[in-house]
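Each in structure tokens, the structures are laid out below.
After this come two complexes, each holding chain A, first together with chain B and then together with chain C.
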Partner chain A sequence: MTDIASPSFVRHDLVNERPAPVKTTGFIGWVRTRLFNSPTNILLTILGALLLWFTIVPSVRFLMVDAVWSGNDRTACLAENAGFAVGACWPYIQAKLPQLIYGFYPEAERWRVNLTFVLAAVLLVPMLVPRLPAKGLNAGLFFFAFPVVAFFLLHGGGIKGFGLSWTAGLLELFDDSIIGAGNVLLNLSKTSAVAPLLWVIGNLIVLVGTAIHWLVFPLIWLRDQIQGSGQSVWVDFAVTTAVVCLIAFFLGGGLRTGWRALASSFATFVAIAIVIKLMGLDHGGLPIVLTNLWGGLLVTLVVSVTGIVTSLPIGIALALGRRSTIPLIRIFSIAFIEFWRGVPLITVLFFATYMLPLFLPGNFTVDGLVRALIGIALFTGAYQAENVRGGLAAIPRGQGEAAAALGLSWWKTTSLIVLPQALRHVIPNLVNSFISLFKDTSLVSIVALFDLLGSLRASFSDPKWSTPSTAFTGFAFAGIIYFIFCFGMSRYSLFVEHRLNAHRRN
Partner chain B sequence: MSDPIVKISGLNKWYGEFHVLRDIDLEVKKGERIVICGPSGSGKSTLIRCINALEEFQEGEIVVDGIELGPNLKHIDAVRREVGMVFQSFNLFPHLTVLDNCTLAPIWVRNIPKKDAEETAMKFLERVKIPHQANKFPGQMSGGQQQRVAIARALTMNPKVMLFDEPTSALDPEMVKEVLDTMVDLAEEGMTMLVVTHEMGFAREVANRVVFMDAGQIIEANTPNEFFASPQHARTKLFLSQILR
Partner chain C sequence: MSTEARKPPPQIALKIRRALGGKSGWNGIVVQFAFAAILGWIAYEIVSNTRANLENQHIAAGFGFLRNNAGFDVNQTLISYTGSDTFLRVFVVGLLNTLVVSVVGIVFATVIGFIVALCRLSPNWLVSRVGEIYVEIIRNLPLLFQILFWYLAVLAALPNPRQSISLLGIAFISNRGLVIPRPIGESGFEPFLAILALGIVVSLGLRFYARRALFERGQVIRIWPSVLALLFGLPLATMLVFGLPFTFELPQLKGFNFAGGSRIIPEFVALTVALSTYTAAFIAEIVRAGILSVHKGQMEAGSSLGLSRGATLRLIVVPQAMRVIVPPLTNQYLNLTKNSSLAVAIGYPDLVSVFAGTSLSQTGQAIEIIAMTMGVYLLISLVTSAVMSVYGWRVSRSLGA
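Presenting the complex of A and B:
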């Protein structure tokens, strides 16, 4: 019995605390346990150190130690003048910096580009910091107001009408194309074998077109009256404001609850009016700078930001369409996704730039930059669709059923339950596509748009700066810029992922 | 008072060629508690999922609180607003806190202001005895707690009927009791309940009627006492002998 009660391994007095052996803690411990704890690891450590030695040291030498920091032309960066083997030629970057940022954007107007950059930063940064309030307003300003303002800032020009004129114009275009299609059919019916059928259909379409014409006639008449008056923009603006505010008021619940909607839509229009007045859009706006003068970082950012912002909604819509139970929508989505994924981006850009104009009706032109933008947005959208679909597939069926059982509609289930979870699952993939889009923007240089890389290459041909290290310096600089943006996106996405997935941690 | 709140008549459902539900007739009165049991694959889940239109059916008619749900599922939204459902696998929304889980539907379906919805939600969370966990995420809770949140979430919509599809069979034994206690409380408050379960103790204590299903049909329905003491059907006897042991 006593043997069991006090066996030799039971302590009778407490052991004092001792510091851990030096060999397992601190820097030495870390080195021993992480770097040199086995023959394989010793080998790997040595290999790693060698790799660092052979990459970091030459880079630092090239970029800093052997670099030339000041000078006025190529002579400063030649070895015979500098007295040593010259690395990076920074004065060349300094001299070319405006071209790398603005391209051929007229010097006197470059403040507009700067202002756009500042506006973007002012709107983007608060949106990315989770702690700051008013995310809804902030996002609205960035995604809807900013693109319009940026367009009139960067491109310039003014407006001749407002909502009413635009609606009238659109309806007129729509109606004209219907009547046009009817007439084409009527013409065909003169030669075709199924002439009577075509004749009937053609006449029917023309009839419908004419009916629509009479329906929209009052609107077009009103538009013409307004255009005739001296203050066309402001009259049109007032009419649009009144109509939209009234609609918001009634949709918001009329006399009982509609006041909030009325107030907020009115405030929106006041803000729009202030912007129109400030930028002088009602009398011509800023001088127009055609997009073929844009270049450098400006084009890179315009293309990538537009691509990023538009490709995600496109991708979400396509992914949902691909899972739809309605065959037509599903087939369309699948065909669309597979088509865009099946062709290389270069082909898309070539097609958009050189072939599209051949297909469009004669008087209808789309700006070259816009064509590239559309091509890139659709191309990336198809990729994002597959990313999003992966996320959607990871959501258990029970989630949708639980939402349905609570009475949530398909739209609400999708936007409140399914998408928020699906997108969280695929943040890494989405950002991956964003980063590759950012770098792929450099492909626009093959369709005569001078993005950062294109401007850089154009600057190589300047004889004033041709030295042996010019090209290396230029590419190093461009590489650093691309790296800063891509690394920033990557880190931010990690942060967001960590934050949004708080619910998965215990 | 004795009007049926759920009336199922001539219900037939097929999965492709497979006839899952065959000529089901069932009336549930207001405040009645019905336990549905039967062997696996007999169509219990399918039946109660038809009541809130999670499954479509080909023949027959379901009337919930006077709202008619035919094979074309016309009044889906109206019916779902009156019927709450609790699933075997909880199906809480993992990206929302417990409180947000409970306020989502009142806010987005019934258009109740956020503040009122939160007050109601807290009231129901207190009833299922987890008000202090309101700001946790579902993933941070035990199974029993999650299932009680699911019950509270369904109750926030003020349903007239509650459907339970094996609410305790994904739970560890010691958590079964806390969920069953919650359901007993609910029954005592007069909620109309249809419960698919194999918890025969619960059936004895709470049910007004026990319905036994086999091969897509209701083959026996009786008060718990009669049902357990003198089962009529051979199939029922076999099932009871296996489950009670």
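Presenting the complex of A and C:
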């Protein structure tokens, strides 16, 4: 028998412990794998750290540590008075804050601006939170009711009539222009080579115009009667309410299913009546504040919100026009979109400021702010059209064909089936366009409107606050405001994109 | 009995409908006529109103004003210009200034953009965060804000010329702008240029030949030594024979300002810095997205073929990424060109500033001047988009093949 207890190939003592493997988890491991895993990376890490050190530390020192926090004029922010190298001069911002937010808006009326801001926030926040209900009502309020209310709040003034007088006025204008066009053709026919043709067409147009004139005559007569009475706004309002509610009732299906439409339109008119009564629009409204007194953040927000609200319908119309099967409309849309996309915004603003007044009748002046708004709406509308077109192209043909198979008309197919899906697809792109619109509003300062940046620039020239650090302080303040808005919007667009792509994640 | 097929019915109405209304039929024709009538009416109103307004303001329409004397000075001109030159010359001066700032901005923006994109793609956490911070800050601030920041805050805070910051003793930065050495042509300049051009042409020919050889016969020809000799050796040899092509005139501080050298106006510096850093942030995102769009398997396949990391990037990843990168990159270049019109805010004499600004206020010819200015930008962007659609067509064709 052999001794099996101690054969030569069996170990007699324990193996020494191996050293622990290099740690790849936790903070130390993370630092090893992400920062110091190779000589190049060590070098890059050091460079990056140095870069951060030389940018962040001076910024923090400027904004907080070395800053002057109180004072009445420039002397507080001079190095010889403060006793150290002065950073940001915050009392300058405190002194200029009203100008940076309201411009020259009269001090007694600034509550109106604040109220508008609050209203906008109250309407906007529920719209942005996807979980909250009643998105349709909310969107309607924000996109239709809010701009009107905000106009009467910010600008002031009242109304003389209501729907009836406006309709009558518009129809009268339309009719006049038709008769005018006919008369022009008749005049031309006296000298032209194709005189008989022009004469026939001109007479036809004048005939149509006269016919329309007799058609709308009762409306105009009614308008004149109402204007004659003392309570013109309220009588007009009552008539308009009755007419619109009746139309809604019959379009909604009459006695069978029309009650719902009747109720909702009646509720809308009650709400409008409350607003008119509250703001006293029927007798003059709030005191008028002309737009050349507006300024600062107010103008920035007014321009961007108006741009957002107006550019989307323009964009949708142009995008649908570009996909239209009617050649003339398609060509017009393409030319329109490519024109506005091909020129810089600043030339558009120059166009709106210098050329637009020439295009309008001499007795018709347009406010400077409105001119800039028109330019920005057209410009942004062209960009939004391209975004919407991307969404429309992403909808499978089958959707439209299925709708057509169900017997829906083009309008119903577009507004109920195609557009809702297409717009939902491109929300991130639309928000990105809104961000660039918000940044582009700063350009209105070039055409003599004082937005946030324009007011800031104007405040630099105040000798009371001219110190070496004034410009940097002002830019830091305005930069923070712009950054908060733009960064907030871009995060929101990311959030929406994430939500929309939920089915693609795994 | 005839066996010929019957002729199809003429269907004249159908043909007319097709010709006039396209796919949309009679409805389309009616809509088109109404639309044309409205457009015509608007155009008529605009023309008649404009005529009446111009008559009231005593402005003569037409481009005759372009031959009048401008009578104002421009502080940066690439071609000779004095106040007694015509408005047409002002237009050309402004256009050249726009093109110069755009080209310089595009070069810097591309370089910075690629560097930032590489930073963002770096596996190093800190470096990618630095790139991200850069992109987020720059993209979320308005461009006009950045231009004014550089011009009103940073450049204005620089010292005056006497205490200017020296860059290696040859260039100086002060609040009057950047002063750099000016090259002065010498006798050997023309032969130098000729030889350089020859070297470039021959190198391109060599490269073409080498690639043909590689693709058709699989023969690898090493061309870089000869290219190096052609591009650097030959011009150096010419320099030895004909003398120096140019010398530099160094700026000297004399009194309160610099004498000699060429001065780059601070407006140009501020505009270039702002435009290139701003556009670089967008370019960085485009490049990053392009490189990320190439599937990971391509890189792995490259390394499984035995290619080095650099060769895989150069031969496999980058060519595929370029297809995604080039169209939006061109768009950004176009944006930069259009954004250079913001020069008007700081008084850099670009097209909008000198032509749509100063000339417009002097002559009052709003329609002609703004139409010309818009036309220039429109032409640039339409030509670019035409070139890009040809490029897209070629790419899609090569992908299909």
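For this structure, a couple of remarks:
Simple rule for what comes next: the second predicted complex is superposed on the first by the 436 of 506 C-alpha atoms of A that agree within 3 Å, B and C clash if a C-alpha of one lies under 4 Å from a C-alpha of the other, contacts with A are read in each partner's own complex, and residues count from 1 in each chain.
By definition in this document, contacts are C-beta pairs under 8 Å (C-beta built on N, C-alpha and C of every residue); 3 or more make two chains touch, one makes a residue touch a chain.
Since the structure is predicted, the reported quantities are computational estimates derived from the model, not experimental observations.
Of the two partner chains, chain B is the only one touched by A:Leu406; chain C is not.
When the two complexes are overlaid on their common chain A, residue A:Ser490 makes contact with chain C while staying clear of chain B.
Once the two complexes are overlaid on the shared chain, A:Leu416 sits against chain B while remaining clear of chain C. Residue contacts after overlaying the shared chain place A:His503 against chain B, while chain C stays out of touching range. When the two complexes are overlaid on their common chain A, residue A:Leu453 makes contact with chain C while staying clear of chain B.
Once chain A of one complex is fitted onto chain A of the other, the partner contacts of A:Phe62 are absent, as it touches neither chain B nor chain C.
Residues common to the contacts of chain A with chain B and with chain C across the two structures: none. The touching residues of chain A, counted against chain B in their complex, run 396, 398-399, 401-409, 412, 416-417, 420-421, 424, 500, 502-504, 506. Considering their complex, residues 30, 34-35, 37, 41, 44-45, 47-49, 51-52, 177, 181, 184, 324-329, 332, 338-339, 341-347, 350-351, 354-355, 357-362, 435, 439-443, 445-446, 453, 457, 460, 468, 471-472, 475, 478-479, 482-483, 486-487, 490 of chain A touch chain C.
Of all residues in chain C, those touching chain A in their complex are 21-24, 28, 31-32, 35-36, 39, 41, 44-46, 49-50, 52-54, 56, 122-127, 129-130, 136-137, 139-145, 148-149, 152-153, 156-157, 338-339, 341-342, 344-345, 352, 356, 360, 366-367, 370, 373-374, 377-378, 381-382, 385. Of all the residues in chain B, the ones that touch chain A in their complex are 52, 54, 77, 80-81, 83-85, 87, 89, 91-96, 104-105, 108-109, 137-140, 150, 153-154, 157.
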